[in-house]
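Chain lettering (A, B and C) follows the sequence in which the chains are written, and residue indices restart at 1 in each chain.
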Amino acid sequence: MTAPAAVVPEVTAVVPRRGVRWRPGLWAAGAFVALVLLASAFPGLLAPEAPDAADALRALQAPGGAHLFGTDANGRDVLSRVIHGARPSLLAGVGATALALVSGTLLGLLAALGGRAADEIVMRLMDVVLSLPSLLLALVVLTVTGPGPLPSVLAIALYTMPIYARLVRVQANVVRRSVYVEAAVSLGLRPSRVVLRHVLPNAFAPLVVLTTIEVGAAMVAASSLSYLGFGPKPPAPEWGAMLAAGQQYFAIAWWMAVFPGLAITATVLAITAVGRALQQRSEGRPA
Amino acid sequence: MAETAPPAVKAPVRSHRRPSRITGRAARRAAVRLATSLLVFWGALTASFFALQAIPGSTVDALLGNNDASMEVRQQIISDYGLDRPLHAQYLTYVGRALLGDLGRSYQLDQPVTGAIGAAIVPSLQLTAAGLALGLAVATALALATAHRRRAVRSISSGVELVGVSVPVFWAAILLLTLFSFRLGWFPAVGGDSVAALVLPAVAIAIPVTAVLTQVMREGLERALDEPFVLTARARGMTDAAVRLRHALRHALLPVVTLVGWLFGALLGGIVVTEKVFGRPGLGRLVVDAVVTKDLPVVLGVVICTAALYIVINIALDLFYPVIDPRLRGVS
Amino acid sequence: MFRPRRSTLAVLAAVLPLTLSACGGDGAGGAAAGGGAPVQGGTLTFAVNSEPLALDPHTSPQDVTAIFTRPILDSLVSQEKDGTIKPWLATSWEISPDQRSYTFKLRQDVKFTDGTPFDAAAVKANLDHIVDPKTKSQLAASQFGPYQDTEVVDRYTAKVNFERPHSPFLNVLSTVFFGIHSPKELAKGPAAQASNIVGSGPFLLEKYTAHQSATYRRNPDYRWAPPTSSHQGPARLDRLEIKMLVEDSVRYGALTSGQVDAILAVPPSSLRLAEADKRLKVDRVPVGTYSYFLNTTHGVFTDPKVRDAFRSSVDFKTLVDKLYFGAFTKAYSPLSPQAPGYDKGTESQWGFDAAKANRLLDEAGWTARDGEGYRTKDGKRLTLRWPILKALDRESRVTLSEQVQAEVKKVGFHVDIQNVTFNEYLVKYGKAEYDLLDYSMRADADSLRSLFDTGNITKGPRLTQNAARYSDKEVDGWFQQALASSDAKTRLELYEKVQQKVIAQSVVVPVYVQSTLVGRNAKVGGITFEPQGFPLFQTAWIGRG
C-alpha cells in the first residue's frame, strides 16, 4: 500500500465533507507533528544515545530502565534509533511531495495554458504514469537507479506528480474561465500576467492541503520501499528498514519491530489529521 | 412499489426506448478511448524498455553471476536472448512479439515470462479479490451503521478510518501474522492454495481499502439520505434500516466506482509487501525478486500486463458507468 | 555476498560460491535421533528457504536444486562422510595408470521410473548432457574440468576419458549435480527438465509448482540404495512434499504451528525457542564457512598490515556467539572444521587483538585522525568499500556487518557498506571496485583452488571466484600438484599448507562455520544427510499422532 491517503483529497473534492471537528485529537496531532519536527531537526537533543552505538554484549534487551524501547540485535538503543529515524523518514516524505508538487504544478499549468497540443501531450504522459500502480512504478525506477534514499524519493515523486498536474490543470481551467479573469483579459491584461496574478494563487489553496496529506502517504511509501530492502545504507536508522530487521527477531524481541511501526503510524496519522483539518477550513471558503 | 420507486430505478426502463443512440455514442467514445489507451500503453512499454536498458553492466554477467560458466555457455546465452543484436532491433522484436503475446524468456527463472506471470497472477488475483471483497463488505457495513448518526459515532469512525489509512500495510501484516497464526494458531500462514491461508493477508491489504471506502460511502449515503425520495419513503412508513439498505445504498456505491483506478493501485501495492511478509507466491514477490536480480524481461512483462489491465478496467468503466448511473446518459 | 535465498539465486550462486564444489566435506551421515522406531507409510512435509531457478542439477548451481532432486536422482558413486568413495549405480571402477580414464562397471538391475533400463548408454547420455552448451551448466560442467568423452564399452561398462588428470572427479560424481536422469526424459530437451525430472531414485516427482512446492510418491521398485545409506529398499514414506517458504519467520512459524513437519534453516534467532520446545527437535549439520575476502590488488587492503589490522580489530568470537545464539561457531579457516583437509593449526594463527591492530595501522602510516575519529594518511580517510545486496540478506549478515562496522571504527576504520543492485555488484566485482566481499562456501578442500588460484582472478568478461584477487606462485604450485595427485592424503596435506598461507597473509577472514539447522517435529525421524549437508528422505519416517 503506498498512497492510501492520496485518494482522500480527490474524493473529498468531489463530495463536500460535513465538518468533523475533533478538537482534542487535533491538538494532540499538532503536538506530535511538532515533536517529530523537533526530533528530525535536533535528534541529539532527544535521543539518549548515538543511533549507531553498537555493543553486542547488550543485544536484544527488553524495554526497561536503561533502554525505554529496548535494544536491537546490535545492542543499539531502539529509542535513539527511532528518534534519529525521524529525519530520513520525514525528509523522504517532504522531499518526494515537494518534488512532485513543483513538477506537477508546472506540468499542470503547461497543460492548462499551453494550448491544446501541450495539454494532450502532458496529460497523455500523465496517463502513462498513472497506468502503472504506484509501488510497481517505484520499483521500476529503483531497478534503473539502484537502491538508496534519493532514488526512493524520485520514485515516489514520479508517481504522485500526476495527481498535482491534474489538480492544477483543473483548477487553472476553472479560474481561467471565471468571470473575473475573463474581465481582466478583456481589460487588456497580458495572459502571462493573468496567470501569475490570478490563476496561480487561486489554484494554490487546494494544493497546500493536498500536499500536507500527501506527505504522510509518501512517508508510508518510502518506508515500504525501505522495508523491501531499497532504503538507505546501513547503519542509517530508518523506520522501514528497522522494521524489516525487527521482523527477523519478532519471536524473541517484539520491540524491535513494534516501536518503529508505531512511529510511522503515529507520524502519518498526525500529519494526515492536521492536513484534513486544513482541508476543512479551506473548503469553508470559496476557491 | 413501482410507482414510488426513485428515478434512479426507473431509468433503465427508459433506456430501452432508444438503445441505438446510446450504443452509437458509447461505441464512438469507446473507439476514441481505445485509441488513446493504446497510445498510453505503447508509451508505458517504450519508456520502460529504454529505461531498463540504461542499467550499467552486462546482461550476460547478470545472467551468470561469477559462476564458472564456460565461454561456450556465455555464447549460447547471448544468442538465446538475442543480446548481440543492436538495441533498436531488440526493441522492435520485443514490441512485435509482445503484440503476439510473447514477452520473452525470464533471465532467471528458466521459463517464459508469460508463464511466470501466469503462474504468479493466480494467487495474487485470489488475494486481491479477497481483500477487495472484504474491504467492500466491511466498508458497506460501517458506512450504513454510521451515516447520519450522532457526532460521537462519526468522530470515532473517522478516527478509526484515519488510523486505517496511516498504518503501513507491512507492519499490520507482521502483527496479524504473529498474533493470529503463530501465537493463537487460528489461521495457517502457509499454503498458497488454501482458503484459510488467505484470510490474514487479505485482512492486511483490506485495512487501508476499508478505511478509504467507508469514508467515501458514508458521504454518499449521507447525501442520498438527504434526497427527497428518502423523505417519501420514510413518509410511507419504511424503517430506517430499510431506507438505508433499499434506497440510499445504491447511491453510496456510485462514487466507489470512480475509485477503481486507485483501488487497483492500492491493492497491487498492498500485495507486493504482503506477499513478502507472508512469503506467499505471487506477482508482488515475482516483481520484487526480478527487480533485485535485474530480471528485465520479467519487470517489463509485469509492467505491460498491469498497464494493460488498468487500461482495460478503465475502458470497461467508461462503457458501463452510464449503465450504472442513468443520470449520466444525457451527458455526452 | 549473501547466499541466494530466493529465486534469484543461480546468479548469485557464484558471487556466493555456495555449492562451489560439491565434493569432500563431511556431514552427519547418521540418522537423526528421535522419532521413535521407524514407521512405514505417511506423508512428510518439508519446507526449504529458497526456490530452485532451474530444476535440473546439471544446469543449476543451487543447494536447493540439490534438495529438490536428490529424492529423484541417484549417482554413479556415493561418498562417506570421511570422503571415502563407495559404489552406488556403479559397482566398481578402475582408474588408468595415466589417471586419464575411469572405467565403471554398472549395476544391471536398475531401471528408471519411466521404465527405461539403466545402462552404459544412459551414463554417456548424462555425462555428455552436462557439458552440452544447451544445458547452460553453471556448476557441474566446470567441475567436470578437462572431460573428453564417454565410451560405451559394453552394455554395463562405461569408460570416462579426460584430457589430463582430474583428481576431484569421483568426489563431484557422487553429488546430485552429477545425478543420472532417465535418458528418455533427457532427450526431450532442457524445456522438459524445467518442470519435470525423471530418475531411478527412491521417489518420483508427481507435480512441481514453481514458487510453491513439489510433491513426490514412493518408488516401490527401489532396491539400489547406496551402501552409505542406513536403510536399504524402498523409502518408508508413501509421499513427500517439499514446500518453498522463503521468509524465515513464516517458515519457522509453520513448523511450530504444525503446518509443516520439518524445515531447513531454523532462524538462529529462534534456535533457543526451538530447543526449549518439547515438540521440536533440531539437527545441526555443518555445511561450510562464511568468510570475508579482502581485495589484495586494489585499495587499502593491498597492504598486508592493514589486512591484519582489520581482522585483529574485531572480536569475531563474541560477535558470532551473541548474534547467532550458539547456532554458528567462530571460523578460523576458509574450510570448516569437519571437512577433510581442515588445518587445525589455523585456530592459533590469528585472533582479536585491538592493541596489535592499532600498532599495525600506525606502522602502515595511518597515523592521523579526522574529525570523526577515523584514521587518515596523506589526507585520505581509511575507508573500506563493502558492497552488499541487502534485499537478499540471509542469516542476519547485514546485522553482522553493521556490528563489524561499529567494532572496527574503534581502531579508526571507516566502513562504507554499499547497498547496491545486482548489476552494480557484478560491475564492482569485475572491476575490483571493492575492499571487502563476503560470501559462504561449502566445506570442501578442492574448492580452495577456486578461491585462491591465480587463474581464478577475474580477467576479461568472465567473472571468477578469487574475490581476494590473491596471487601466489607457491600456492598455485600446490594446487597443480593436488590436481595431478591421485593420493587423497597428499592432496589434503597440500590444501592444509594453502590454508596456513592464506591465513598468514590475511587474505581471507573466516567469520563463522555455517550449519544447516534442520528443525523437525519430534514425531519425524530418520532424516539423514549427505556429506554436503543435503537432507535425504529415503531413510525418513513420520510417526502417527
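Keep this in mind: a residue touches a chain if its C-beta (ideal position, glycine included) is under 8 Å from a C-beta of that chain, and two chains touch if they have at least 3 such contacts.
The model shown is predicted, which means the values in this text are computed figures rather than measured ones.
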- Item | Pair of chains joined by more contacts [C-beta pairs], B-C or A-C | B-C
- Chain whose average C-alpha position is farthest from chain B's own: C
- How many angstrom lie between the CA centroids of chain A and chain B, rounded to a whole number? 22
- So, in whole Å, the Cα centroid of chain A is separated from that of chain C by 44
- Message: Centroid of chain B to centroid of chain C, CA atoms only: how many Å?
- Response: 41
- Query: Listing for chain B: what residues touch at least two other chains?
  - Reply: 55, 178, 182, 276-277, 288, 292, 294
- Note on the structure: Contacts with two or more other chains occur in chain C at residues 249, 391-392, 421, 424
- Task: Name the residues of chain A that each touch 2 or more other chains.
- Result: 143, 228-229, 247, 250-251
- The answer for chain C against chain B in the complex is residues 6-8, 10-15, 47, 53-55, 59, 61, 133-134, 136-139, 141-142, 194, 209-212, 243-247, 249-251, 253-254, 256-257, 259-260, 389, 391-392, 421-424, 426-427, 429-430, 450, 458, 461-465
- Within their complex, chain A touches chain B through residues 1-8, 10-12, 14-15, 17-18, 20, 22, 25, 124-125, 127-128, 130-136, 139-144, 216, 220, 223-224, 227-229, 240, 243, 247, 250-251, 254, 257-258, 261, 264-266, 268-269, 272-273, 276
- Message: Could you list, by residue number, the parts of chain A that touch chain C in their complex?
- Response: 52-57, 59, 73-74, 143, 146-148, 228-235, 245, 247-253
- Task: Report the residues of chain B in contact with chain C in the complex, numbered from low to high.
- Result: 55-58, 60-77, 108-111, 116, 119-120, 177-178, 181-182, 185, 188-193, 276-279, 281, 285-286, 288-289, 292-295
- Message: Which residues of chain C touch chain A once you look at their complex with the stated criterion?
- Response: 248-249, 252, 267, 269-270, 272-273, 318-319, 322-323, 390-393, 396, 398-399, 401-403, 405-407, 416-421, 424
